[in-house]
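Read the structure below first, then the notes.
For clarity, chains are labelled A, B, C, D, E and F in written order, and residue numbers in each chain start from 1.
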């Protein structure tokens, strides 16, 4: 097993972990953490799988850089919204009742 | 099993563990600290994947910005609860 | 390249993990943050070792940056998240 | 020409940002007029000389990124600009001078439109991911810009849904890149064969599921009603009319493009979206009928109407299915934009958010109610309207392929739509209670909604050119 | 029920993916070779930068738009003025002089590192984004040391700075579109144009990333 | 675009354009609105006259537009269509006049007349549709345009009536659409043609065609108020009187009946329909409706409800006439399409007059109304006698042809149905007439709005229309063989329909 494939596999696990976290966790900050872990997992798969034969590939690396920027933007946005919600309602969870 | 593989294996196990802890920790501050640790490990992983550019970005963002953002949010939370 | 870099890096990583485990159990939040800070410096060390272990000089840049920025997390922690009198 | 459709909104969005809070309406409207013209010109060019391509940076796929404008994308571009311009005029009249949602409204809209246009044109899976994020974050921002606790909560729900959706999509892209070493859809069409490795199947599944989440297909619709029902009316209109269609468009694109050889092999797969679509039609209609708040009713109607779009997947074997789908996209887009705009005017004028509070508006706000009614005709699929043509095409396709169930769903869905549309009209035609107050509203609000609604009806009288455009590959 | 379903789905996904990833045939397209072959025509020597700003520069253009957009959204939602900001200063920890000194010392160093990274980007790892992130980190540090106030709402000059890098990028894109294709640089000017874009982006990215932090932390004003 | 293409469009536009303009008029611009209304109606009448002359001279008028590839919005003005067009155009003029008088000073008139004109436009579209697709478009447009008229008063009761109306018609529309799309799928087109188009498919499709026929009949049967699909009609009585007149005599139920005519004659073809055994079941349904409607009418004290059930019954005369396989029955059915319109519109005008002038809504309140309102009551009497089928009225002519048609087709049971219905008609109409003319005037009317001035018992705009239509009822009954009588047109159409049979013209 090459390093690329190993990290790609871990990426898969991290992705699954992150998605489960986003879906199951109530607390908004934790959800944001989960989303970041999900993103990291995806990035690992992107680079790891492409480099499974051990040759560095700049294209997925550049894509991951783009992805990281997007993830930072999304994280900041989510934090801003969460903090705003907290200011307004004193809660950091989305209530279940309006979900149905 | 080569040393490199052992290193990688240890690294990924730690990554998964820290990710898991940052999601499952009962206290939020622990979760955030664990997440920062996870970010540092990611930087190591990128180094192992010969992607120093991403390593740089991860180090700058993970250590410098996201961590600070999260901690700041956590702090705002704490202050309000007092 | 002397061939020792990788074993040493591995050793440092083990070190890190032990510290991490300790951190997870540590009694106070400050303990954990301290470990996180330790991570920054150890990580820098690992990166430098990896760089000289064959992964290329570019990693030194990463190590430098990590060294420079790891402190920010600690400061942010101390300034924002750490509330006196609320340590567990 | 097509690239300007992406650059222009980016340009006026940043210009509006630099002009400062609550400024920038004129660059926006000027830009939108130019975009509308560009979209028409592009459509005309494509009908004349076939699909157009633009290699960004001059590299060409797979190294660079290609932009491709074929009939499908040109049609979507046209729809987007056609809806955006009237809604921009509407929004300008809608927000009061001190409305908090007005701060930075124009830059957000600009980025949203840039995201949409870029998405429709892109032929690169990773580039599409970036456009999806641009689109998603702008949409979330517009929902949140209202600033109330409910809106923020809705925006957060929406944000997580859209992030998970694009996350799943990106993982799919990562797997595809890992397998084939390219993300160009054009290159992938020839690479992905019926014997594709399992990984590609999983990748396809992840991408489609992620996009379904973003399209709010049942059972992934949970985020849509609070977001679309809670946002300011022009935002709801824009989101319901085009934004959710963007991810549908992508599913369609992937389905008939790179993954076409997979869907042919697994003939049962086509029933999955159709099944969810059916459930969406019923569940969305049911919730819309039960809804007490006007905008919630319309938002649930979107859930139901999106269901129709997914009914075309089992029918894609014949060329008409794509055209029926696009006709429904147009019908719903124009009608829903009109309906949300009309609802916004009604709520503004009566100060009532509930359907029950609308008594007497037929008398006081005839133009708006007319717009609502015309939009309702399209949603119900009654003639003459684009919705009717879409329904006709769908039923005929379903019959020609002996898919009775689909024809049945379409028909019953239309009747259910009638129930909720007329539950509003019924209230509107009641005599106004003596104590009801209707504050005068700007004529711009009334007539922009009317123009959109009339367009959705008039398209039902002449769909030939649109169908011709969609047919260009 | 939901928990069980999600966990089950996640486990299935892991199992399926790990199984499917195991023995994959080599990719049919090898882009790294294409990148290497076209590197000389890209205007830079570092392949990742070449991909980011030339081969797939369009991605980067949109990516900056996303970042700028996130900032605008934060501006759009957090309008509430921190009316009692002054009153809350004493609630905070006093800033130790050590920290302030450290910050004052570290900032120039960080700015230097940022420029190194920007300059290095064309031939080794680094580039606008990393440089911008370091600049932002410096701003965060200064803010934490109470040397830099948090933002309430940016003035016209600051807005120009925030959007400037993006606008330069956009202008180059529009200019190249008039010549031929979007972001197609003439061979001899490719390097210079990329450097121009990167310099603009570094400043703007630094401001935006710093802004994300400085804007978010303004909500603290509402404590009490 | 040639004149022959333009003329059908002009007929549509002559009510569409005034209608759309009226929507935009402020409530107080009575003069302009009235001018628009009347000039629209007169222009339409003139255009229809042009058409009649042209069609008699053998010209063909038609135009089509592609809506989708392979799907046309097509219009033609043929003899059958013209029968309906003429009826609608003439009655529109009088109904408009009546409505102007009826709604004088009432609120929301711009909306009312706007939809009124749209309604007539839809009716014209139905009459001139050259294929089922076009027919359907206008058929549904009619539903939509009548809804605001039915709920015009804005009371809870009127809204309820409107919702019932919608429930029936929209579900009917969905069923109709299914049938049309199915047919379109099988044939590739749905163009109307003499002797039908369905026979071309071959015998393999007989089963499918039978199902489609059922679907189509359910679809149009709702508007034609065939039992058991008639439930909406009595409910829709909440509408103002001109609307009821429009619904019953001109637009809605006639659109249903006309649809049945088109489908049987020009989609399936009468002979092919007979060969598929489709006519007998339809005839049975029509017969049941005739008897059931008359029977229910007996027990209604509300005058408009009684008239409504009477409509249920009378419209099925048309259907029955069509299903009587043979030219004579056809003539009877078609001519009744016109005659019933004339008579029923008269009755509704009069009912409106009673209600508006004296506040009379119930049969039991009509004692002595004839002496207070003689002219109205004369018109009402002519209409009622026509319904019963008394000689020298239009009703007598249609009944005679229907009965002859039934015996010619060998369907003697149908004759019994017709006689039974006539008897029932007499039982529910004659007591009204008796009350009107022979009972003494009560001390006070329920609510007297309009005071009598000399011979003008009520406003002249309310009085004129029923008198004219009553006169036309008599004229059609007394001079059935005149060249421009409805009967002559019906004969012309029937002649073209039964291509394979020699027709013996014996009335």
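As a convention for this text, a residue touches a chain if its C-beta (ideal position, glycine included) is under 8 Å from a C-beta of that chain, and two chains touch if they have at least 3 such contacts.
As the structure is a computational prediction, the values presented were derived from the model and not from experiment.
K.L.:
Touching both subunit A and subunit D: give me those chains, sorted by label.
P.N.:
E
K.L.:
Could you find the two chains linked by the most C-beta contact pairs?
P.N.:
D-E
K.L.:
Please list the single chain whose C-alpha centre lies closest to the global protein C-alpha centre.
P.N.:
Of the chains present, the most centrally placed is D.
K.L.:
What's the farthest chain from subunit D if centres are computed as the mean of the Cα atoms?
P.N.:
Of all chains, C has its centre farthest from that of subunit D.
K.L.:
Sort the other chains by how far their Cα centres are from that of subunit E and give me the top one.
P.N.:
Taking each chain's C-alpha mean as its centre, the farthest from subunit E is F.
K.L.:
For subunit B versus subunit E, what separation do you get between their C-alpha means, in angstrom?
P.N.:
19
K.L.:
Measuring from the mean C-alpha position of subunit B to the mean C-alpha position of subunit C, what distance in angstrom results?
P.N.:
10
K.L.:
Please tell me the distance, in whole Å, between the geometric centres of subunit C and subunit E computed from their C-alpha atoms.
P.N.:
Whole-Å distance between the two chain centres: 24.
K.L.:
Where the CA atoms of subunit D average out and where those of subunit F average out, how many Å apart are those spots?
P.N.:
43
K.L.:
Which positions in subunit B touch two or more other chains at once?
P.N.:
4, 32, 46, 48, 50, 52-53, 55-57, 60-61, 63-65, 68-69, 72-76, 79-80, in rising order.
K.L.:
For subunit D, give me the residues that contact two or more of the other chains.
P.N.:
If we look for residues of subunit D contacting two or more partner chains, we find 126, 130, 133, 137, 140-141, 144, 147, 152, 155, 175, 178-179, 181.
K.L.:
Two or more other chains in contact with one residue: find those residues in subunit E.
P.N.:
Only 13, 17, 21, 24, 27, 31, 35, 48, 55-56, 59, 63, 66, 69-70, 73, 77, 117, 125-127, 129-130, 134, 137, 140, 144, 209, 212, 216, 219 qualify.
K.L.:
Give every touching pair of chains, nothing left out.
P.N.:
Touching chain pairs, listed by label, come out as A-B, A-D, A-E, B-C, B-E, C-E, D-E, D-F.
K.L.:
Which residues of subunit D touch subunit A in their complex?
P.N.:
Against subunit A, subunit D makes touches at 126, 129-130, 133, 137, 140-141, 144, 147-149, 152-153, 155-157, 159-160, 163-164, 167-168, 170-171, 173-175, 177-179, 181, 222, 226.
K.L.:
Which of the residues in subunit E come into contact with subunit D in the complex?
P.N.:
So the residues of subunit E touching subunit D come out as 13, 16-17, 19-21, 24-25, 27-31, 34-35, 38, 54-59, 62-63, 65-66, 68-70, 72-73, 75-77, 79, 153, 156, 159-160, 162-163, 166-167, 170, 173-174, 177, 180-185.
K.L.:
For the complex, give me every residue of subunit A touching subunit E.
P.N.:
The contact residues of subunit A facing subunit E are 5, 8-9, 12-13, 15-17, 19-20, 23-24, 49-50, 52-53, 55-59, 61-63, 65-66, 69-70, 72-74, 76-77, 79-81, 83-84, 87.
K.L.:
In their complex, what parts of subunit E are in touch with subunit A?
P.N.:
Subunit E residues touching subunit A: 2-3, 6-7, 9-11, 13-14, 17-18, 21, 24, 26-27, 31-32, 35, 47-48, 50-52, 55-56, 59-60, 63-64, 66-67, 69-71, 73-74, 77-78, 80, 127, 129, 209, 212, 215-216, 219, 222.
K.L.:
Across the complex, what residues on subunit E touch subunit C?
P.N.:
Against subunit C, the touching part of subunit E is residues 92-93, 95, 99, 102, 106, 109-110, 113, 117, 120, 124-126, 130, 134, 137, 140-141, 144-145.
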